[in-house]
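Here is the structure we will look at, set down as structure tokens.
For clarity, chains are labelled A, B, C and D in written order, and residue numbers in each chain start from 1.
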Amino acid sequence: MLSLTIDGKKVEAEAGWSLLDTARQHGIDIPTLCYHEAVEPFGACRLCVVELKQGNNSRLVASCVYPAEEGLEVFTSSEKVNSVRRWILEMLLSECPASREIREMAGQYGVNTTRFEVKDPEEQCILCGLCVRACAQVVGANAISTVGRGAQKEIGSPYLVPGEDCVACGTCVTVCPTGAMGARFERVRGVPSVIMARPGK
Amino acid sequence: MQVTAKNSADMRLGSLEELEKLRSELLAAEDPDQTKIIVCHGTGCVANDSPSVTKALKAALAAAGEDIKVMPGIKTTGCHGFCSRGPLVIIKPSNIFYQQVKPGDVEEIVQKTILTGETVDRLLYVHPQTGETLKTTEEIPFYSGQERVVLSNIGQIDPTDIEDAFKAGAYAGMAKALTNMEPGQVIEEVTKSGLRGRGGAGFPTGLKWSLAAKHQGGQKYVLCNADEGDPGAFMDRSVMEGDPHAVVEGMIIGGYAIGADTGYVYVRAEYPLAIKHLVKALDDARAHGLLGENILGSGFNFDIRINRGAGAFVCGEETALMRSVEGKVGEPVPRPPYPSDKGLFGKPSVLNNVETWANVSRILDKGADWFASLGTEKSKGTKVFALVGKVNNVGLVEVPMGISLRNIVMEIGGGVPGSDHFKAVQTGGPSGGCLPWEDADLPVDFDSLIAAGSMMGSGGMIVMDERDCMVDVAKYFLGFLEEESCGKCFPCRLGVPRLRETLNRFSKGQGTLEDIDDLYSLAEAIKAGSLCALGGTAPNAVLSTLRYFRGEYEAHILEHRCPAGVCKDLITYSIDPEVCTGCRACSRACPQGAITGEKKKPHTIEESLCIRCGMCMESCKFGAIQVI
Amino acid sequence: MANDCKIGVFLCECGRRIAPLVDIDQLKEKLEADPLISYVGVEPFSCLAPGMAGLKKAIADNGLDRVVVAGCESRVMLHKFERELADSGLEAGQIDMVNLRGHVAQVSDLSPEEKAAKGFKLIKALAAGLETLALTAHEKVEFKGPAMILGGGIATYSAAQELSRRGIECIVAVATDEWEDEIRMLHEHYPGERHYYDRLEAIMKDVDASPLVRRITVGELASMTGRTGDYHVTFSDPMGGPPRIYEVGAVIAALDGQMLNQGSDFGHDGRNVICHTEAEELLWTLGPPEGKVVFWLNDYEAGHPEYSYLSCRAAWSMARYIRERSPLTQVTMLHHHQMAIPLSAGERAASRKLGIKWIPYDGALRPTVQAGFVTYCDPESHVEHELPWDKLVLSPRRSVGQEATKVAHILGLEHQEGAFLEERKQRVRPEQVGRQEAFLAGSARYPCDLHESLRQGRRAAAKTAEMISKAQAGELYAPRMVCVVDQSKCIGCGLCKEICDCGGIEPVEGPGGNIPRHVDPMVCTGGGTCAAACPYHALTIQNNTSDQREARVSTLAQTLDPDEVMAFGCAWGGLAAADNAGVKGMAYDPRLYMLQVSCIGQLDPSVLARAFLDGANSLLLIGCPPEDCHHSFGLDHTWSRVNLMKKLLGLCGFDRRRIALAHADLNRPEDYIRTVNSFIKSMAELGPIERTPENREKLAGLYATVNNPRVRWVLGATLRRPWEDVYPGNQRNALAFDRDMMGVVSEEFIRARVANLLKEQARPFQLRELAAALHEDEKPLMDSLREMVGEGVVGRMHKDGVAHYVMR
Amino acid sequence: MAQQAIDIDIDEIIERYPGRPEFLIFLLQDIQAAFNYVSSEALTLVCDHTGVPESQAYSVATFYNSFSLEPKGENLIQVCLGTACHLKGSGLIAENLMRNLGLDQPGTTDDLKYTVETVNCLGACALAPVAVVNGDYQPKVSSPKLMKTAQKLGTE
């Protein structure tokens, strides 16, 4: 048993629990986008950042991957934390304005408009990669992946055409936090199965 | 050569003694009063066609044949550092330093210097300020001002000849470590030396090793980060090209210290020569039993593999690099778990960069105290810098930690062309920042650079003058990082382009002072929120330029002008009628047909058509075209 | 039956997404009060490390061997629970999930108490299903005998090489034992690829040298029977001796397609106007021709633009061959202006250096062949040109070829007359099927070049080898939920094999004689429409049986309020759509109670009948979209089954609309909601079925009828067959057939009710009494009774002159 | 570069490395070097060999700059955009070259004759601005110089 404090509340945790696990177990809510219980944590969206204070120096870590440690002082919604979240959400508003989920979440942080120019008003995808990881880790089909890098990055099946590997189970659509996968689904979902070549059919 | 001829059947060295025996034999075999002609074959000089110089030399010597008493040896070496003066030819032992040698000059060199011993003065280096002609390397401030530890052998040895390296003491430190020291002692020694990672962050190397070493047994790895991505930095390349053995030796020592049996060198594919020399070095080392099973009879097994980078700057980040070695997409992963616990293939791993490994072999050879005696309290030893940009002596310099910017740029670097000061010095590559002339006396070491809002980085040092726009520079680095961001974590993927957007507006003369405040706040969020160092340091370029050159920003925003005359949208090209000869070169070059005028009469530029491509300026032989 | 099992239920609070919306405490109480359930736990997040630890502890402390997690989508999370709870001794099948969040909490404005009540009913139903689960042991798959490569295609050799590389023994069954012959004839299948033959030769030598490869010369393939790991392959003897039978563990078929010549409409004459195979032959025997050679890449005109890539590559390599050896020969490539020239930059440069001309023609105008000239229209200038030739080389016509077709037929690979044998990967999750990869290699699969068919050979071999090595290590298990045959019940009618194309059902000698079937568990995907069709209930999906479904249905039906509607959703359609509606928090009629099936086709009519029998007033089946079934025509078959149910409901005097089949696209939850709301609305108008004794009796009859082999047989006849290409199956003289079917159904309905009654009362009945009791006319009753007496099902005795009937 | 071998046996390349995922990048690099792009056929072969799912291989192939999935031109012109070169106007040089060849961004001309790439620092900062044409360094280039060189190559 480890003991640490989250937002001043003393809590206990087992070795191997992440800060997010621990917080949730004790009813403390931390926002997430790229996190889903069914797959390994990824630490990409940085919305789940929390502030660790050791003496007078502090730093932000992603609670979904950072392990609970004895005596940690964790703050899940300090000003520093919220500023990071607000900026990310504001940028997401301009990046994927079509996503209702993002607008709602941003609203909760008082972000209702964005100072940045909107590239594509139809865009919903935040590139959290949940669909990709679910396809690999939950379904085992490995039908989709990230394509390209950085700002050009997108999600799709090889050569961005419907893939043989997709079994059209829709897991990616179900785990998608923004509804982007639904919009993309027709472009990756495999064609109806024709019977497979095999002896004795 | 002849020495090893007899035991060439099996060159494997079974013990420390055998190594030292071979070393002394090789040294003994050297003829002291034989002249040696050293030709630089670093990438810089090669690009300046030094190979043909070598060819010409061989021919000339052959021609001169019988007139020569002792036939000089020709040695092609790695980079001498003084790249802007290449091709370089140095005559040993007298160390006569010839620069910008063309194949045509070779005949004269042979006739004069080799036969009669007199110098060819027109090939000597002339001090840009004093104007005096300097004969030998020792006299040239570019060299005399340096303290060469990592670079000590580079330019002296033939990197493709391991025996030449032996003569220069290669593998002595490694032999000492493997035969007379426990792994623990090795780590102690490195810790004692106070060596800090030369890759950028300056993490204490000894500490890093001990973290990996504490895992008892099991598979472990050491890695060498040779994915030198920082634009304007080429120290690591020169080390690998000029003295690959220093790196190999260092890695063997590291492997022994933490108990790893495999090393990986992750080297940038853009460095073909470096890869070639590394491969050769590894083969030779294996042939001499310095890699493989039971090295020097110590019972320690170790070998090194080479991975070529595939073109992703982010792979300079250690976790990303390891993913890349695993054949995966080079995206960083969150830490903890730290590589020293779960690194390559999930095994404890230690990653250092080329210069660090090279330092390790020196430390084990000369001792921790010697190393600790160099540099400052918190930053021990020396640092190699790639001194580039608006500076007279462009090239590689190695100096003790803590010496001032002024010293490096104005003394060793020979100052800024056409100016008595620099406008800014950019250190630390894209992660670093720009330091102003006011900071010229800043001691260059890890901590003071960070305090000044920049960082040591891998050692790029880009000198800028008044014609360089700080907004443009910041924009450049952000553009670079936007290109190179892996796109995994949101703050970096989304934030960096947004920062650049704002700067774009500035460089168009748009934007407001409020934007600057937003810039600060967003930059802080990116620093704090990003997953890896690439994102975490991305805003430095903006922050540091804002800190020291805010005025220039305001000039763009408020007065809609670019003081340095760089930002396209805020400048106009014009032709000075006094100077213009009406030669038509510019009007022919102009892709827009914006330049008109009769033959032999001054031309004019129709501004509405001009796209500011600069073609006219480049094509004008008389410098008649200026930017306002 | 595992009636002594201990079932635990774990309720997730899921942050604020379930807990406050559903009254967890009340739900907990209800469940704890239920005798079926031995333990109830509540976790903030069952799926996270802390929650998982809680589950494991509870399972250990209370010796639970069945678990229901009431949380979110089983499609997403079940996998994790199975993985995590494996070391608590729970296997797939022992854990089930209710989507409390997506089907209850998030999708209606019911009060927390009402939601708790709804959750209770769903959970209890699953618990009942788990109670009925009879867990079967893992089936280990073994390979008896080596792998065999047959069919004689060139991929034979790459496959054999790969197998021996991976240390797998294999038999190569070929027609000739001289591989030089093979190479000599190769241009018939792969013209223009001579540059590759050396490598091929190396492969063949390699194979020859391998001690693991046994090469046999055989006649024609006669038959193949068996299942993964245990096949019997029979060849006719080339010397005319008795047929030879080989016992092998795996089979790889290497089949090459055939190159046919173009017809005279392209001027083909086999002398000066020739096709690739002939051209290759020419180069091979006489060497490069003199004069003007024109390659007309006429695949567009031949109706197969998609093959132009292959033809162009072949033509290019022949063109190179000619120019390199005979510089005087002029070579021109004439191609459709839309055709992309598949040459790399380097090849373009080489082509330029070799002076090979590439001339595009306007595709709108078909070039015409005259003696010595081809006339074409320039796409730029639209001017007509004549291109002179001494030899005109046309692209070949590509077909699967007789040879390949014959073999394919015996192996059961043929799925469409004359079409190439390419077939797609099954769209089920990898863990659902034991054997993913096609074992077929060669250009008979789809037109491809030599390199590609060799690759296919290697791939097929690699996949086979993986399986065999896994089996040798004793680590190859068949999937848990696949069909099994109860040999004691199976009469070998072959209906299952006829309707199920997942291929799991093992072939038998000859045209389906009365030999009990087997299922190849490595191929069956567990769709189970075959099981639902078996007239004798001889087929079942192990660990996911109809009994389990009946148990669920019955329990749920008993707890449902009159206005509540029972539904089934398939994991690929209805259920997934419901999940996605839940994720989006879209509200819909809360009176829907959805149970999950992995394919709507696995719903046996007996399950549907059970629902009505035990209290359901209506039933909605939601499958996946038409032609989108991931198993075998599940939706189509259910369509027929629902029609049967409608007939019977009619016979009972109930509204036929009480059961309906629908389909939903998982990506269109809004459509799904429309479906649900409209059905429930119409059901509300109907009101409930009165549970009078009379109605009960009829429903019992209904239930008995759908389990009647004769009825199931007729139903089976209506099910869509794989070769039928319309949904929901061809209707041949629809009305006549329907009349016959109705006849059978109503007959058996009456007989069933009579039987039920006599059994129940266990006393002699007069016709009059029977008619009164069943509220039927005496006439039809009389007919049925006479038959039943004739069959000896019912005994007839005379008491004071009146015939009395009693059950035998 | 102009003279790429056109009969390289891809299977020979594939067999250079053991069939393990960590050799994915090695294989892609060798194929890129040999054919100056990675065709979909090649990618499939690599996946078969290494056992990496196609989607992941595709992801890797698109993540790293050094791989191209379309054929590159006969002549490869790389302009260095390192800091030193940038300060000496290499950005403009690249723009001008591309405009001259009718490209609006780095890439390959329709006739597959030229491919223009911008590269990060080549470490030849002393020679800034630097371009590399079919492998040869061009020290201190200017727009006119580079265009002339390109023209010359085109007429070969």
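Everything that follows uses one rule, which is that a contact is a pair of C-beta atoms (placed from the backbone, for glycine too) under 8 Å apart; a residue touches a chain by one contact, two chains touch by 3 or more.
Predicted model, so just to flag it, every value in this text is computed and none were measured.
**Q** Once you count every C-beta pair in contact for both, which comes out on top, A-C or A-B?
**A** A-C
**Q** Find the geometric centre of each of subunit B and subunit C from their Cα atoms only, then give the gap between the two centres in Å, rounded to an integer.
**A** 60
**Q** Averaging only over C-alpha atoms, locate the centres of subunit A and subunit C and give their separation in whole Å.
**A** Distance between chain centres, rounded to whole Å: 34 Å.
**Q** Nearest whole angstrom, what separates the Cα centre of subunit A from the Cα centre of subunit B?
**A** From the centre of subunit A to the centre of subunit B is 39 Å.
**Q** How many angstrom lie between the centres of subunit B and subunit D, each centre taken as the mean Cα position?
**A** Distance between chain centres: 23 Å.
**Q** Give the residues of subunit A touching no fewer than two other chains, as numbers and ranges.
**A** Within subunit A, residues 146, 148-149, 165 contact more than one other chain.
**Q** For subunit B, which residues are shared contacts with two or more other chains?
**A** In subunit B, the residues touching two or more other chains are 312, 329, 484, 486.
**Q** Two or more other chains touching the same residue: where does that happen in subunit C?
**A** As it turns out, subunit C has no residue touching two or more other chains.
**Q** If every chain is a node and every touching pair an edge, decide which shape results: line, ring, star, complete or other.
**A** other
**Q** Who touches whom among the chains?
**A** Pairwise, the chains that meet the contact rule are A-B, A-C, A-D, B-D, C-D.
**Q** In their complex, what parts of subunit C are in touch with subunit A?
**A** 15-16, 44-45, 47-51, 53, 73, 75-77, 79-80, 224-227, 231, 251, 253, 411-413, 415, 421-431, 435, 438-440, 445, 501-503, 506-507, 520, 523, 571-572, 576, 579-580, 583-584, 627-630, 666-667, 722
**Q** Please output the residues of subunit D touching subunit C within their complex, sorted ascending.
**A** It comes out as residues 2-7, 9-11, 35-37, 41, 44-45, 48, 71-74, 112-113.
**Q** Give the list of subunit B residues in touch with subunit D in this complex.
**A** Residues of subunit B touching subunit D: 43-44, 46-48, 83-84, 86, 228-234, 237, 269-271, 307-313, 324-330, 345, 386, 388-390, 394-395, 426, 429, 460, 462, 464, 468, 473, 476-477, 480, 484, 486, 589, 591, 613-615, 618-619.
**Q** Any idea which subunit A residues touch subunit D in the complex?
**A** Those residues of subunit A that touch subunit D are 136, 142-149, 157-159, 163, 165.
**Q** What part of subunit C is in contact with subunit D in the complex they form?
**A** Against subunit D, the touching part of subunit C is residues 195, 199, 344-350, 451-452, 455, 458-459, 462.
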